[in-house]
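One structure coming up, written as structure tokens, with questions to follow.
To keep things simple, chains are lettered A, B and C as they appear, and every chain counts its residues starting from 1.
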């Protein structure tokens, strides 16, 4: 019974909400930063699960356009919060790395684990290579845009702030155009999918409960995210971890746990098409929505200017990721070995960032 | 009625021929370089339209082999003229940039605008992904060859003139082999296509008129191209534009207007297969025919030696373009959003080159 | 009659065994290094043919698992010997270059020549794009892993020995997983193929003869490989060839002659699927089996530590190769021109390495 599995997942994640008071206690008792960080990270994961659940329920009751905007905003709320608090602490490299890391994780790790765990149950899984192809073509085009300022910096030896703004505006326009495509000109392609993906969770909470849960969990998440970010600086000085590793691996994993869990769950139900779609569209939202907004609003909101000049190795990793996304979506078939290979590439990239 | 549209296109372009006397007047009256440049650019666009038209008519009356050579030579006549006059003025970077720019424009902008304008009329357009796949595989192989000397220079820190010559010879041999493939061993694949593409224009002029028009327009184009190139140097010093931007964006757009117009026209007639074919084969001709001839003959014709060492960012842009060409041709389906994305990538690249 | 052609191939290669005593004579008579090198190279080619033949016969009589390990070990025995003797002579760059060169040759030259010679006989050849797609996706994932330490070195400006070890372990685990996939979970996909590929040679020798031939030829190969490597150093000082060129072109061609011959033979029999499979799986074995073992055991076996930091241009070449492998396998159709283009890219890369 697949629904049982889902239920137990929800319970498991909801149970982790007890880490919220623990985090607050640890912070005010001035416990070691590592303990506070871990407790805060678990709380954030639990809260982001509640946010995703309640957003899903609310999104079903409103028009498609509002629903898409709600999903994009609240689906990335934790990313935004951590980014803004980090920028206020001057952790610019961490924020940049978490942008790149989220794209990499949503493609390599999310799809890799889905193919691996799905493949352990089913000998061979098929997915709709047309829809995966459209997403992955979009991803490569978007990544080319996203990396242009870094490439420029890399090969010309100087960076031009206006270029990051210009790229962000163009990417933002592409995002608005893609909403227009999804909601207006080609909405017939997306209606079925939305119903399928909403399926199992739809009867959990009534609307009012969901709305209350959303407001409370966003408020709490904002508070905990602040504590999390405050415990990063001691982490860097004590453990010798770099901003890049924390952003690209730890923060990026943390903020993408709900997507990973639901993608793996769909893979175990042999709906690999949806698993890929979750990974690709999460990666696209980071590049087209989260990154441009952060670049354009960073100075006003945090006093720190964020640009799109990523470290060269992050660049290599994200380009390789976008290319791999295209190769895996080309054949429409997958099995556990392909999942293991994708996971292996992610592990290799994470190892490399550990050494940076 | 699609034929009406085509006719009005022709009239519109032919009307621009009045800019030829204007260009000459502006030049001899020593008007500001920008005015002369703009008038010359419009004249060149109008003349290249006449050259394409008349070449098309002449090519139908001769054998396939002669026709292919005529098309390749006169279809790129303006590119050659501007390149040779520019080399004589020592504008080496401009010529290199216009080679890369022509490849980028024929793939990103031409195909992007075709998909965008075609997609505004048709919800979804299909194209023959096999033929697009063959062209785009050839493009990536050719681009790998073309960029080897630059890669060598980039990673080894020194350039080897003999390598540009060797690469040009190999690419030239590949071009001759591809003519042999098209005209001898696999000509059955190309006969239908040629008739289709020749279709609407076939009854416009009699052969003698076409030949006269060709000779006169080539002569005039050679004269105007000289004036155009002479007005580039003041443009650089007055407007602060770089040779790279002028070559990669302005000259490349200018010399590829006829291809862009006819590709968009075919997209509006729902013949996206032909639009892609025009873009890909124009890009291939630049890499396999124009660039090698310029490298091999530059020293003899202009006293200036052209090599294939492109600027690093031009390299990044052309490699990304060849990769994107492969991704878009893989699925055989397109819609306006994909066109908008391609156009966005082109705009981003043009912005980047403005800042260089 | 295809079997006749195969027979004459075998005879031709077996005849070359007379070069073995010649090599030994040349070496002890202190002939010029170039002569010894050429004679040793021809002997090695002949011996590796015997090793492949006898391994094939032995592999048919044992279980699938043992057979896969025997094939992987003895199929790469000459590579290992030359690598180990070269490391003992301190020729680290040569060994690295031969790893990259083997991957490049097995994809570009082997598949290119197969498509070229197959295409001269058949107008158009089809291959199973699903199986080619799986291999080429695996190749790109593996190459991304393989190049990570070099990329790290290139963009960070320092190399970390632990990273080469970590990457080798991850690649080795992927290799073991892929054996598990081939031999256990998805063995039904590979049984037919194995029978087909074993086909023509199966009745040549009895088991005992094959085993004796294997033992003797491995012993002789080890001896000749030592003489070959000893004649490389004078070659470098006299002819001005670099370690990179010798490794990437000469040694890599030399050690991959049997794979090339059999792939071309299958292409001439219109079995392009198998030709591609031979090329892709040979390239994969180098990356997943030969390279990791050499890195992990180099210090213990030779006193010289091998890492995975390749020269930047080798990196460019191997990434381009993996990408091209994906593009050519996407459409499932090939013809002589595509083969000629692949061969042209290989020639361009070899030219570039000559100039390094």
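By our rule, a residue touches a chain if its C-beta (ideal position, glycine included) is under 8 Å from a C-beta of that chain, and two chains touch if they have at least 3 such contacts.
Keep in mind that what you see is a predicted model, and the values were worked out from it rather than measured.
In steps of 5 degrees, what rotation angle do you get fitting subunit B onto subunit C on the CA atoms?
120
Under the over-half criterion for shared residue numbers, do copies subunit A and subunit C use the same patch or different patches to meet?
On the two sides of the subunit C and subunit A interface, the residue numbers are mostly different, under half being shared.
Taking the mean of the CA coordinates per chain, how far is subunit A from subunit C in Å?
Roughly 41 Å, centre to centre.
Quick one: which residues in subunit C touch 2 or more of the other chains?
Expected reply: 323, 330.
Given the complex with subunit B, which residues does subunit A contribute to the contact?
129-130, 133-134, 136-138, 140-142, 144-145, 148-149, 151-152, 155-156, 160, 162-163, 166-167, 170-171, 173-174, 177-178, 181, 185-186, 323, 326, 330
Across the complex, what residues on subunit A touch subunit C?
Checking each residue of subunit A against subunit C gives 123, 311-313, 315-316, 320, 323-324, 327-328, 330-331, 333, 335-338, 340-342, 344-345, 347-349, 351-352, 355-356.
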